[in-house]
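In what follows, structures are represented as structure tokens.
Two complexes follow with chain A in common, the first pairing it with chain B and the second with chain C.
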Partner chain A sequence: MAPTRIRSASRSRRAWTGWAYAAPTALFVVVFFVLPIVLVGRMSVSDWGLFAGNRGWNAPENFTEAVGDRLFWPAVWFTVKYTVVTTVILLGLALGLALLVQESSRWTGILRTSFLVPSALGLASASLLFYALYSPQASPFPGQISFLGTPSSALWSTVALIVWRFAGFYMLLLLVGLQSIPGDVYEAARLDGAGRWQTFRHVTLPLLRPSLALCTILCVTGSLLAFDQFYILTKGGPDNSTVTIVQLVYNMAFQGQNDLGRAAALSIVVLAALLVVNLLQFRTLRGKER
Partner chain B sequence: MSRLLMRTPQHVLAGGLALIFLFPLVWASLASVSPQAGTQQTDGWGFANYATLAHYQAGIWRYLFNSLAISLMTVLFTLLASVTGGYAFAMFRFPGRNALFLLTLAILMVPYATLLIPLYVLLNSLGLQNSLIGLALVLSMFQLPFATFMMRISFEAVPGELREAALIDGCGSFRALQRVLIPAAKPGLITVGLFAFLAAWNDFITPLVLISDSDKVPLPLAVANLRGQVMGIVDYGATEAGVVVLALPCIVLFLALQRHYVRGFMSGALKG
Partner chain C sequence: MRRTLAVVAIAGLLASAAACGGDDDKNASGGEITAEGVDDGTELALWTRAPLELQARKLVEAYNKSHKNQVKLTIVPNDDYVAKVGAAAGSGDLPDLFAADIVYVPNWTKAGLFADLTDRIKLLPYADKINKGHLTAGTFEDKQYVLPFVLDLSVIFYNKKLYKEAGLDPSKGPTTIDEFKEQALAVQKLGKPGVFGTYFGGNCGGCNVFTWFPMIWASGQDVMNPEGTQSLLDGAAAQKVYATWRELQEAGAIAPGAKDETGATWVAAFQQGKVGVMPYPATLLSTAAKTVDVGVVGIPGVDGGASTFVGGDGIGISKDSKKSEQAWNFLTWLTSEAAQVDVLAANDSTVSRTDLADNKYAQKDPRVVTVNQVAASAQSKTPVAVNFQQAFNAPGSPWMTLVRNQVYGDPSTLGKDNAALTDSLAQ
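Let's turn to the complex of A and B:
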């Protein structure tokens, strides 16, 4: 009897010590994560002005007004289009780069570093750089190319910025996947008489699927929540053609409308959509793996 | 030889791509010191654009100080919470352990915008509105999922005998953490610190929402605000100088540590 009591006493003392060490994390998570989540839920059903504060219940209206905003559907459509274009181009290029530099030598080391350097910059710094690069006054490109003047050129110019900033990072993730494919698999394919394309199609791609899945999830999530690049580069223009959904949340809350309640409602819609998209991605990408 | 010849187009293609990737950085550094109409640097090469930047509103030193203070506080808070938290999750069994760990990781699932709107209100009621400390606390919270995960696996990778030896030697749990576990988990500690620093230095939307006093904004926000100050005419020279000042510390840190973390990525892959 006595030893069990001692053991359970020491176990409960260890549990207390464990909680003491976990306390800073718990405090952070409760104050800066759980409380805000509860608060955003409450704000989404309240008439909550930026300066006026809480002015009572405003339940379905916040949501109907947020979804009924004239920029809501254009923003959803633009965000989805931007996400698809960015993900396809970015991952395609990153895969190409990874294949180009997968053997290690001094030369490929230099190449890897050149592709990776832009990833060291902040997204805001990179956007400011391209803002100057695209400007008619400072641009080093000859002639009068309009980089941000029309809706489609603004989209492609932003995609170019994002590809430049992130290609090296995704290349690194895919390189890790490539290096984990054992050499004897390639050897076996070669002995079976597979050509380069066949090897790539039937050996490399299937074995790379986990890395590609990770990259896709990261890239889709990041693009759906795009903000900095459009805020700095296009300010949503021309004619609100490049307003993303997060920008719409920001504008509702802090620019013009000053309606935190409606912005909270929209941000909850965004959260729910993101959870659904990620759930679907996990399912399809994991399903294919088997 | 024929193998080498076959690969030549591949090398040329890769080299060309590398030049394209380096071009914007080289261009920005050169353009910031070269003569250009509509900037402060109109004839000859020189640093007039940097002088403009230095005297912009509260002065660049103010914004550099803000950025540095925010980044260092974020590193400090992140390390403090993730080292103790990682230790608790790796070494102790306590009720609510898994729930708290999953809750910490769940921060990754929630968009910044969804959290920033209530945080704007919450910081006001905590008296932390417009303060660098409040901003650093929020940025640390965004770092917690990665940092806690990283410190947990770093501590779990420390050999069990080493930990037990420390405890049997009569070290209290804190002494064991301080003397044995922290030195053994140094690479993890450096990675967490570096990521927290870079994330805080480069973050844009968080200060944009939480800081409204223009003297307290960090450098990225100050450079973004600097465009279009004078009657809507943008001083691109000063913008280019600002980009260089923003990017330089990141690139230097990256080049100094890339061997460390690119190899870390790779060796992890070989083991996996």
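Let's turn to the complex of A and C:
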């Protein structure tokens, strides 16, 4: 900022206005983010039954029991597997779609719209739609295909839903990135005699890194927190093969154990893990940029 | 005892006065507990879960028509019910009356969600005739909290038409587990497209609790220790049940889709006439009888016997209710002949009082008499365990793992699976 001389009265007034502008957001953050987290933090160290309420201190038992749950490690493993599969497929496809939409001129409008329409549907509604498609009673697919019957088919059926639902959204993000790459860079590459692949590999990809980083972070975080799709499509089945970590939190709280304390402890663990994951992502993605 | 009788007599007089359109009786609201409760035009909130919507609506309609108190019914989707009750319990906002799946009742009474009804239930002249299974499930540390709301029993349904075609006697259902298997295989042997021997909810813990436990009880064995903290589901009779279903599965006599069946549609195939014989909810007799010529017998054990799972929902007054006298008025009426016979029995639900089992509606249909007789059998039970939900009903429960290993997977893991079940129960 340029060092200009401002009278102190006007400066304090501007500061006050600034606070006033920020206050509504700050209030929302406090009420809807900080307070719930404090509450969850308190729950996580308390013996807090769903029906019984707070019955006093219960740490670190809550944490050891949450981590010691028979489904904890399977859930962690499945969540990671699901995240890797989804992120790779989704970002690959979204990048392809973005390039396609950017290059073709004639069908651009229709293509962009048709890729984006699924994003207008809520995730729960989309899951219900696919539930109907997959159920033996309502499926339009002929024969008795078991879409959700085995662990791997349940995983891939859910991945298909997520790719269908989110590809358009990530395509849009990448498209914005693509269009912000200046045309003269491509021109220079062409003059240097770069081929299509070389241009993509050495010009587009490096310049698209910020957008790709954003998409990766969004996609990884979203997938690690997956819940709706599995809650509706598989309920964690068959044989607990598709229980994600957030589903485990839900199950601990409402599906039998009815233990909010333990569920809160697991939420805190997930929160900490997410922080670490995001920190690492920021580090590596920013590091590459330099 | 004499005092009890006197109170009952007075309550009876008050009731008849009220029935004649008499004014409110101020004595009734004087803090004294009465058999009749208070009917003074109070609005009462009642929560129940969606599967019982039909019965709950009929009951509430009939009560509202004949009483000054008005019950406002809230139906909650099955899967959200526990969470909703939990949230309300935490904030002290439970409705005056709420029903609970009878297998969850021990957990909820232990958590103190219901008001103590011990002294009130004693005042009912027919207290000893009320369904024992539900009362026992609703008793915690010698205090009674819950009365039966709607009973749901499991019995064997068989398709008489398919039995005739398969050369079986349509007047006789299976009387042992082996007969059940043979009859299912016989129907399967017909080779009719789309018709199968039997069906079950292969991914539904609640369904198999409901249909398989009675086979073990009818064999004279138990599924848990009396405290509900240790699983006995590795016993000889239990193994026979698992082996039977595994053989049926290997013979291809179970309709497709069973392995993925989470319980949403486990009753559908029989109603479409596609299944020969299967354990089934007795509540659906009238529905199934519309499309299929249904035969009914009790669920048999290894060497005969007959049993049923006395399921359904119990109902109690919540800890938060400030209108317990009025809420008790609803509960008294609920257990009266007017509700049990003229509402529940008239709509083909099982009555929850043994002295009303042989009512005029039941007499019309010998199948209903069969159901009522099985319900009264000593082999019929309601299992009681504080951790029932997480051990059996929850998706991915240890019970579900056990069942799927026994029918579809590696049956040698029974010991390990049963130990996991015990761990869950004893938590």
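We adopt the following convention: the second predicted complex is superposed on the first by the 254 of 290 C-alpha atoms of A that agree within 3 Å, B and C clash if a C-alpha of one lies under 4 Å from a C-alpha of the other, contacts with A are read in each partner's own complex, and residues count from 1 in each chain.
As a working rule, a contact is a pair of C-beta atoms (placed from the backbone, for glycine too) under 8 Å apart; a residue touches a chain by one contact, two chains touch by 3 or more.
Not measured: the values here are computed from a predicted model.
Q: With both complexes overlaid on chain A, does A:Gly237 touch chain B (first), chain C (second), both or neither?
A: second
Q: Count the residues of chain A touched by chain B and by chain C, then name the partner with the higher count.
A: With both complexes superposed on chain A, more residues of chain A are touched by B.
Q: For A:Glu187, select first, second, both or neither according to whether it touches chain B, chain C, the two together, or no partner.
A: Neither partner.
Q: Contact-wise, after the overlay, does A:Pro140 reach chain B, chain C, both or neither (first, second, both, neither)?
A: Touch status of A:Pro140: first partner only.
Q: So, A:Asn251: does it touch chain B (first), chain C (second), both, or neither?
A: second
Q: Enumerate the residues of chain A that count as touching chain B in its complex and touching chain C in the other.
A: 137, 253-254
Q: Can you list the residues on chain B that touch chain A in the complex?
A: 10-11, 13-15, 17-19, 21-22, 24-25, 27-28, 31, 36-38, 77, 80-82, 84-85, 87-89, 91-97, 100, 103-104, 106-107, 109-115, 117-122, 137-138, 140-141, 144, 148, 173, 198, 201-205, 208-209, 220-221, 223-224, 227, 234, 236-237, 239-240, 242-243, 246-247, 250-251, 253-255, 258, 262, 265-266, 268-270, 272
Q: Can you list the chain A residues touching chain C in their complex?
A: Within the complex, chain A touches chain C at residues 49-53, 70-71, 136-137, 144, 146, 148-149, 235-240, 243, 251, 253-258.
Q: Looking at the complex, which residues from chain A come into contact with chain B?
A: 11, 14-26, 28-29, 32-37, 39-40, 43, 48, 97, 100-101, 107-108, 110-125, 128-133, 135, 137-138, 140, 164, 167-168, 172, 175-177, 179-180, 225, 227-228, 231-232, 246, 249-250, 253-254, 260, 263-264, 267-268, 270-271, 274-275, 278
Q: For a test of understanding, state which residues of chain C touch chain A in their complex under the given definition.
A: 82-83, 85-86, 89-90, 107-108, 111-113, 203, 256-257, 259-260, 262, 265, 268, 387, 389-391, 393-397, 400-401, 404, 420, 427
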